[in-house]
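Structures are listed in the sections that come next.
Here come two complexes built around subunit A, the first alongside subunit B, the second alongside subunit C.
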Partner chain A sequence: MKAELLQVRNLRVYYQTAVGPLKAVDDVTFSLKSGERFGLAGESGSGKSTLAFALMRLIKPPGYIEGGQVLLDGGDLTKLSEDEMHKVRLAQIALVPQGAMNSLNPVMRIKDQIIDGIVDHSNEIPRSALEERVPELLERVELGPEVANMFPHELSGGMKQRVCLAIAISLSPRVIIADEPTSALDVVVQRQVMLTLGQVQESLGASVLLVGHDMGLMAQFVDRIGVLYAGKLVEVGSVREVFKEPLHPYTQLLIACLPSLEEKGEFKGIPGLPPLLLNPPSGCVFHPRCPQVMSRCSLEVPSLEEVCPGRWVVCHLYTEVKR
Partner chain B sequence: MTALLEARNVTKVFGSGGLFKRQETPALENVSLFIRESPLSITGVVGESGSGKTTLVRLLLGFLAPAEGEVLYKGRDLQKMSRDERLEFRREVQVIFQDPFEVYNPFYKVDHVLTTPVTKFHLARSKSEARKLIEDALEVIGLRPEETLGRYPHQLSGGQRQRIMVARASLLRPRIILADEPVSMVDASLRATILESLRKLSQKFDMSLLYITHDLTTAYQISDSIIVLYQGSVVEVGDVELVIKNPQHPYTRLLVASIPVSDPDRSWGQDSTPVLVSKTSTKLNRGCKFVDRCPFAMSICRENPPPFFQTDGYRAVRCYLYKEASVIADETMEKALGQKG
Partner chain C sequence: MTISYLLKRLGFFVLVIWVAATLIFFLPRLAERNPIVERMSETAQAAGFIGEGLAEMQKDWEAKFGLDKPLWKQYQYYLRDTLRLDFGYSLAYYPAKVVDQMMRALPWTIGLFGMATLISVVLGSLAGALLAWPKAPRFLQYLLPFFLTLSAVPYYLMGLILLFLFAFTIRIFPLGGGYSVAVAPSLSFPFILDILHHSVLPGLALVLGGVGFWALQMRAMMVLGLEEDYITFAEAKGLGRKRIFLRYALRNVLLPQATSLALSLGMMISGAILVEVVFGYPGLGTLLLKAVSGFDYNLINGVVFIIIIIIAVATLLMDVLYPWLDPRITYGRRMR
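Up next is the complex of A and B:
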């Protein structure tokens, strides 16, 4: 059993609005073991990007961390001062952002952008030593050394995403948070970038938190998966078990609506719409759309229960079984 | 078999650069496409970004004129249509664009996009009749009119907005709907809902569908036949079961192998293609466009562009690996295939 590297406990991230707080991430608890690949899946508006940003402490007003803990090796990131957090970012926990196209500076050479992050953490390294590290980092993400002197517009989308990955690993972080790293890329390039991410992670011994909505990508990349719905984590388990036998009705519908290449069938969507986070339904947030809804679902908020070892679910269907 | 909408050897070249250093980039080269008059068909066009998918849609709509070749609707060239013919074309061929956020004017209520075609094409004689028509169109695709009409675009979700565009297209009872990446910006669960409503509409009103996408999985699910584009050329075309289950062109094989299957026990293919580290060369390649990435490249591939080889009754592949098979001319390709179904 590997040690738990990152523990997220009862994390709540709210956005201040004129009519009260919007609960974007509500009471989310999960943990990431050392060297593990954990997937956070959810549809748009489920709070997955907010959660990723909260772990980096990059939530900007009107958003704020309302409560809970983010423990990295036992130390609570939410308690750190801004300066202390600055040191942790990139060195301990790094983010590969969603749109690589928009996260690079268009008027800076690639090498300067890579060096920038390293210098920010330690300005004692001589420039020549920094310049030597650039080709090495580029090689790790399977880019040629000539890329160092290029500008972002000279690179393809996949190459830009690799540059972002090179920046993220420049200080050998222990946790890499990848927020939909390939959503703007083609399937062929997506697979290559994800393979590179996997290799880099293994060579660093880092853990990866992959945030995204592509269940196929999750199935192929992660070891364990957590499913977010309306800011709440509804199910956590090993990716094999969750895909084989999803427990939460939402996960069941989500997996059932994935089209397959095996056989043709009817497209099955999930009826209804995601709830408005400002005015979430009472009880279980999924109850208005749930095909297995019971009377208590609209009254009581279900809690996270471990139904069998390593499988957690938030649903009254399983609290009954237990009792 | 008569064609409803047909592209014959269409080439579109975009120029870039200055007055003296003019560079020409072919966005589409020698593309032919054939949508028959009846029975209805659903054709998928797949390709990665930059493969010319959107250029093809714009040519088929007559927004762009081809540099070579022609686009015909009911046998008439789009670029040479009379005013009345064009109006008929605009009514019978509808389009759904990718982005459900950009197609709306934020200052108008969503009703505007629905009432405009009704007025423009005189679909109703009275206001109440128009209202009835719009409400019916919304209900067919699973939207409640009372929750949709009278709202502004920002008050609706992306999925709702995209479904309104489907309703708008169906109002005119077109013969063909061109759907350009209609679901790439919505979630998986809504994606299924929208595609299912498109499929139902197509059957209910006997409309053909051209589904343009980068997503092979949904293309497989919805289409009868499929066209695979690579850098502006069709590399493989045919019956969807044949092309997806048993892809022949090395690019189609790579594409199918790259799809992350939502089953953790199935491996994600073998990495047979090298990562492209340098930029894709802009210089015109005389031969096959895929040659630099192709694991089976032969010398002939660099010299001449491959013609279509008909490898099955319902499939043609532009690749010299199949040179034993008989060659078919581009423009007769789909007719020769005879579109199954």
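Up next is the complex of A and C:
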């Protein structure tokens, strides 16, 4: 069993609003092993991007980290000073951003955008050595050296995302957070970019946290998956098991939504809407939409239980009634 | 940038100058005033009697200035002379030549207006950028209402207020002029100091009148600029605050700021003209006032022409600099 590289414990990220805190990420606990690919799935507004940003301490006001720990190799990132956190970003945890179209500075050459991240982490490297690293990095994400002197507007969407990937791996980080890295790309390019991401991850031995709503993409890419609903992690398990036998009713419905190649069926969704996080339902947040709802679901908040080895779920179906 | 674009742009530059030159030729002449008659009756009034042969004298003078010729002929001569930057003799201050008067006034205006614009644009932009920057020192936030107020006060009013406060009430600065009458103009240290002393209040009026506008505009663009995805990614890259501020945030809103600088140059010059008048500063503004009140065709033409040239050159420079400021802008077909 590999060591746990990144541990997230009881992380809570709130947004300050006029009528009280909005709980975007509520009591989330999971861990990422070294070299592992972990997927965070959830619909829009489930808090998955907020969670990804919180891990890098990039939450901006009115958002704030209310509590919990983010342990990287045992050290708590939430306790670091702002300057120490600057050093951790990119070098230890790197982000592959969501909006690849606009994530690069339009008035800077690609090479300068790759170099400045390296420079701000160690200013001892001579300029000539930095210039040499650019084509190396570009080659690793399957881009030609001529891209170095181009501006972002001269690149296609897929190429821009590759440049972002090259920047993310420029300091050989231990954790790569990929926040819906392919949501702006068409499926063909999506596949190529994901293949490249997989290759560089393996060559670096880094862990990947893939955030997204595309269950199909998750199924193909990750080793383990966590399902977020309304800011809460409702199920964690190996991707094979979760897809074969989802435990939480929400996960079951989510996987049932995936269109199948074998059977032609009606396009399904999950009835109802995600709850408003300002005023979440009592008990289990999913109970108003849950097909297997019981009387205790609206009264008691379920806790995260390991129902069988490596499979965690938050649901009253799997907890004993307390007497 | 291609050569053909540059040629096209230069052609347009010449066209603008020609249209402007034509307008400033015809506009004063459309008014039913005759500067020769006005000048003569002024002299006559001063002398206290009207001599004989006044009508002949008028004809004589008009012939001397070429005003007896038909308008289209005058226009032809005017264009030819303007090309040689020769604006003829001043009608009101004959025998002074327009060019000499302008050359005497130009350094004053360039010095005062150039410095004041530079200071107010740089200071205002920097302050505005910091106002929008969340990690800037807190005290800067208190500058916002100050800038809001300043941006609403016109230059000349600012000049009058400063005059009242610092030259009239507390007499630490001179009331007007470019240098003290008692000092002989020379390239000596005390004389330069004297010039600086005289330029403080008009300069301050221009800086204070402009800085609020630049700060507010910069702040507005910066607030939008900071929302961009590349700022977030720059933060995720763990870049230093200074680099993000200068190279990612500030750098990217320079283009709209530079555009509005070129566009508002005309407005700023007209503001500077009024400030010069308020302070009796010996620059182009005061000269223009003299020219207009004396209905001096040639002097008006000269001064306005110089101002037009300044603005046209500034916009031309801006256009040439655009692709350097923003690589997304290319003119014509890309050569690669």
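Some points to look at:
We take it that the second predicted complex is superposed on the first by the 320 of 323 C-alpha atoms of A that agree within 3 Å, B and C clash if a C-alpha of one lies under 4 Å from a C-alpha of the other, contacts with A are read in each partner's own complex, and residues count from 1 in each chain.
In the analysis below, a contact is a pair of C-beta atoms (placed from the backbone, for glycine too) under 8 Å apart; a residue touches a chain by one contact, two chains touch by 3 or more.
Please read these numbers as outputs of a predicted model, since none were measured by experiment.
Superposition of the two complexes onto subunit A shows subunit B and subunit C fitting side by side, with no clash.
By the document's definition of touching, of the two partners only subunit C reaches A:107; subunit B does not.
Shared-chain residue A:64: touches no atom of subunit B or subunit C. Taking subunit B and subunit C in turn and counting the residues of subunit A each one touches, the greater count comes from B. Put simply, subunit B and subunit C get as close as 6 Å, counting only Cα atoms, in the superposed view. When both complexes are aligned on chain A by C-alpha atoms, no subunit A residue touches subunit B in the first and subunit C in the second.
Note for the complex: subunit B touches subunit A at residues 48-49, 157-160, 187-196, 199, 214, 216-218, 220-222, 244-245, 254-256, 258-265, 268-269, 271, 273, 275-280. The part of subunit A that touches subunit C in the complex is made up of residues 56, 58, 60-61, 85-91, 94-95, 97-99, 101-108, 116-117, 120-121, 151, 153, 164, 167. Within the complex, the subunit A residues that touch subunit B are 43-44, 142-144, 146-147, 154-159, 186-192, 194-196, 213-221, 239-240, 243, 253-255, 257-261, 264-270, 273. Of all residues in subunit C, only 134, 228-230, 232-240, 243, 247-248, 251-252, 325-328 touch subunit A in the complex they form.
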